[in-house]
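Here is the structure we will look at.
Should a chain be cited, it is by its letter among A, B, C, D and E, assigned in written order, with residues numbered from 1 in that chain.
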């Protein structure tokens, strides 16, 4: 026992030493009160440049839109990858879901949950929220279905093919909105400069392309995350094959 | 504008393939081939346009301080050219092998290519991190694509170590943001000299360790041999040839822009790690019996050579490093495709079982020995030329020990590569059935020819001027900053 | 990053060496016409053509204007010889390639440092602090005392035409490099190395029972002569060195060809199995062997005598009397061992008639015209140079008058007589027995054990456990943090 | 006042993290991880970052914890080959 | 000032705990938990970097000074990237369990040397 706990102490000291190095870096950086860099510009002129009141959404979907495109492709890769990893296992209806009372209660809550998710997505440019959060809430709704009603029920309602369709069409929508900016010569993913209606700041119909991008990302994230969940709970009858080319020594 | 397409075209292809799979299943086979070729030509044209005059494209119309700017100068144009050819070769090899197989493989392949081009042309540090994450995630999945137990285990180890590396890079970026507030690389290289020294140390150290994990330099390379040897043939060729070079490009771009004047110690660290990789990689390769694992350890050693070139921090060193990178890309893609095909065909990867291969796979063994001669560094082929210019640059920068490590490494690599060839040429047992694939042999042969051609490049003045321009352009960061912040 | 420019240097030294290379190539390709039977056509064509390829590369090396191209063509010629040794056994060929590769790589590192310091690695004296690099690099090529471990093994196990070419000319390329290098600090080192090489070669040669190995050790001792001549540093010394190089190349090539053709007939190199009437079976070969033996022992009228006389004269001129005495003792030893070789090799009847494993008398009587013409060419050249010794010095621009005056004749004949008498006295002890002789390469096998130790140490840290890998990541991170914080 | 509240949140953050890493049973480790995520969402609210708090709450404590539980149930289904000692 | 330094301190301690978990624990799930702890600590560090004492959330009708919105955008991206990494790690864990029938990290040593 003493050897392994000695090893533990040594590793803990190593981590602490690393943490100490990072702490020294932080002590050297005394935080200034005024905001330096482009953030100051974002706060003053986000309203008239993008028409959105939620500055974080303005940054995400207008000033640094390529980050969000990259992020959307991160989700897309992991969804496609996990689906590939679990492609060969067959889907069997396993659980019968929870008791009757829970089913009735959840069927009462689900519409409000979906409404809430739609609200987060659509109001992304006005209040805190956006495509990612809304899509994730929508995915939790589908997961709730699976747990409460048993995996069979939900699979019948939304077939994996339609989820793929929603996901890739959401991603394509994102890129097409961007191409409009490119086509009008104002640079990829341009918002007001590409002719999207800025509308009246603070209203529902404002913020140029930001609500459209929010919807696209919302579709993609919701379909993607529910595909991840559903490919993981498949029953794993399929034994992992040996590497086709390797003589296992 | 064309530089933006190198990212967008493969991305749209990746999003289109599921739709084609759902609606027009029959078109899938031809569509994937068409997509691959289109991506190759778009990247090549972007590289050429970026080479003539450094192309700039402002995303969303916002200037450099506000939004993200994509810039293709000579250095990124050169690496774009490298990734286009490597990616194209790997695509042809995988297309030949899988036909339209699991279509999700091609989705991830195009996403990897899109994010690779994104890393090469972006001018913003956080955007670099995001594309880097897409790129690593796609690499983890491609390693684990064959779903055999080795591939999954290698994928897990690659994922955990790669994510730890990504967290170190993210910490570095967080500290940069805390110190300066802005994220554009050009703005950073102007502002970074004025921040306190301890903060700069933390930034430099965390970025360095994160990138060393991602590149697979010696002290932290443990995932590389597992990942490159247990991956599928075309994937291991892609990983060794191209994916490693893009990580080295990131290290090169960051260290040149941020740490050239402020912290020159970074370059000594890179040289030391490079020397360690050379020695460690070659020593480990001596003991290998599995041919793909041997090639993977040889990649670790060749990374060491490129890092020695980068560590000089001078124009000569960087162009020598690029010349070795493109040489190594051709050699490794050819070697991995040839070795992978032989391993799959003979159902074994152990060298001792591959005895007497010369008698029934004559052309494969000839191409393999030509590539081995190139990678060991026999005179007329490219490998020797790049090693010579690396040695020149290292001695000019004053570090003699790396030059000696380079020489010592060449001798050891000659030893274990000749050992492999001795098994190929020895008299062997009767051959199993002969499946004569033309495409793998064609690709490996093409790579061998490119090695021969690259051997002549230093003798032709105009071609050599291209290579030395890369180093000159990369080192004078003032020109990069002026083009970025001019509009 | 300037472009590779090939510059030439034509002077007396490289011209004479090039003529020697041409002559050796002619005689050996004629010899190997007969050496390989008609039915192995492909191998025969290879053995006839390869001396010419070797001659082309070595001439390029001799005429190259800077150390880089000298190293390049040196490496190309050793690769050519690697292919010549390959048909017989692969391990010796690999052994030879690795040693020569490390030799030429050291020359490359030296040239790279020279370019870094002086801007150009022009052929000629080298900055003093680089001397250890160039000396060790060329030392491996010319088998200087510490670095001669490869010569006996490779020369004895190579096929006959290759070993004739090896000890004939490939060693001389290194000598040419040493001559180019002969500036002040180098000559003292060579003056010490020369005599010790001569003595060491003789001591090892006397106790050998393998014919070719005996000749190989004689090569080392003769090289000792040449190195001593260069070590004097004077113009006369260098011309004497060149003269002895030419002479040694001729008679050593002749000796190797004779012994090789007998070995081909007997199928073994062990002297104890030779000697029952070989002289009568191979009258022509024995005659050529006699010419070579007399030349090497410096019998007046042979080229050996003239070159040794010049060496002694140049030594006396700079009053190195002790060195002259050492060379005379070495000469006695040479005569002793050649008496042993001729007696036990050709005449000794021996009480126990031991048959060579597969001695076919048929071969000895078959007319071998080409083999004899090849040997005749070399023998004629040795005698011709012996008869009119002024030819080479005048060509080199040095008129050296007193070749045949009494004092030089006496100092040549006394060692021959003493050697003969000593042999008659110690005939019994010198019988080629089965005792084992220890040389440096026995040490090498021990060293090889230690060398394979460090890959196993490095392999220890590749335990496959992900937790170990993360610990290595953290330790590397901490080291980088401390290093960057310090600078 | 908010500084006091924030220091409580930070203390409980570190506490739940230690519990998540040290506890033997995997299920309770996952539960403490989701508590950790919720606490982190609260910390983000205290740091005036509502967007981030919402994302953290939904994705980290919602989806990732459910994926953890799915993975845990998959490994439990066929029972273990031999007991995984700690 | 105290909130920022406090949260930076917590973030670094969490980073150390995450690293420690990955190293010292043999169970594969604990490694994934360690990864998510490290990811959360980096998120906390970035968000706290943008905090301004007495600031208001960056929704436009701001009363008084606003908090720096840029780190919020990065944190959003970092959360999503971290989530997809963890999802993939869990997928690998399930697949590895299928083959090795155990989640003990020291038994998963097929590839070594």
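We take it that a contact is a pair of C-beta atoms (placed from the backbone, for glycine too) under 8 Å apart; a residue touches a chain by one contact, two chains touch by 3 or more.
These figures come from a predicted structure and were not determined experimentally.
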Intersection of contact partners for chain B and chain E: A, C
Innermost chain, taking as reference the mean of every protein Cα atom displayed: B
Contact-richer chain pair [A-D vs D-E]: D-E
Inter-centroid spacing, chain D versus chain C (mean Cα positions, whole Å): 75
Rounded Å distance between chain A and chain C, as computed from the means of their C-alpha atoms: 73
Averaged-CA centre spacing for the pair chain C and chain B, given as whole angstrom: 45
Chain centre separation in whole Å, for chain B relative to chain A (CA means): 30
Where chain C touches two or more other chains, by residue: 459, 462, 466, 470-471, 474-475, 477, 481, 485
Junction residues of chain B, two or more chains touched: 126, 130, 133, 137, 140-141, 144, 147, 149-150, 152, 156-157, 160, 164, 171, 177-178, 181, 183, 198, 201-202, 205-206, 225, 230, 287
Multi-partner residues of chain E (each touching 2 or more other chains): 9, 13, 15, 17, 19-20, 22-24, 26, 31, 49-51, 57-59, 68, 70-72, 76-77, 80-81, 84-85, 87-88, 90-95, 99, 108, 110-111, 113
All touching chain pairs, where touch follows the definition stated at the start: A-B, A-C, A-D, A-E, B-C, B-E, C-E, D-E
Chain B contact footprint on chain C (complex, rising order): 1, 3-4, 68, 72, 75-76, 79, 90, 94, 97-98, 101-102, 105-106, 108-109, 112-113, 115-116, 452, 454-456, 458-459, 462, 466, 469-470, 472-473, 475-477, 480-481, 483-485, 487
Complex interface listing, chain E residues touching chain D: 2-3, 6-7, 9-10, 13-14, 17-18, 20-21, 25-27, 29-30, 32-34, 36-37, 40, 43-44, 47-48, 50-51, 55-59, 67, 71-72, 75-76, 79-80, 82-83, 86-87, 90-91, 93-94, 97, 101-104
Touch list for chain C against partner chain A, complex: 471, 474-475, 477-478, 481, 485
In the complex with chain A, residue positions of chain D that touch it: 50-51, 53-55, 58-59, 62-63, 66-67, 70-71, 74, 77
Chain E-touching residues of chain D, taken from the complex the two chains share: 2-3, 6-7, 10, 13-14, 17-18, 20-21, 26, 29-30, 33, 36-37, 40, 43-44, 46-52, 55-56, 59-60, 63-64, 67-68, 70-72, 74-75, 78, 80-82, 84-86
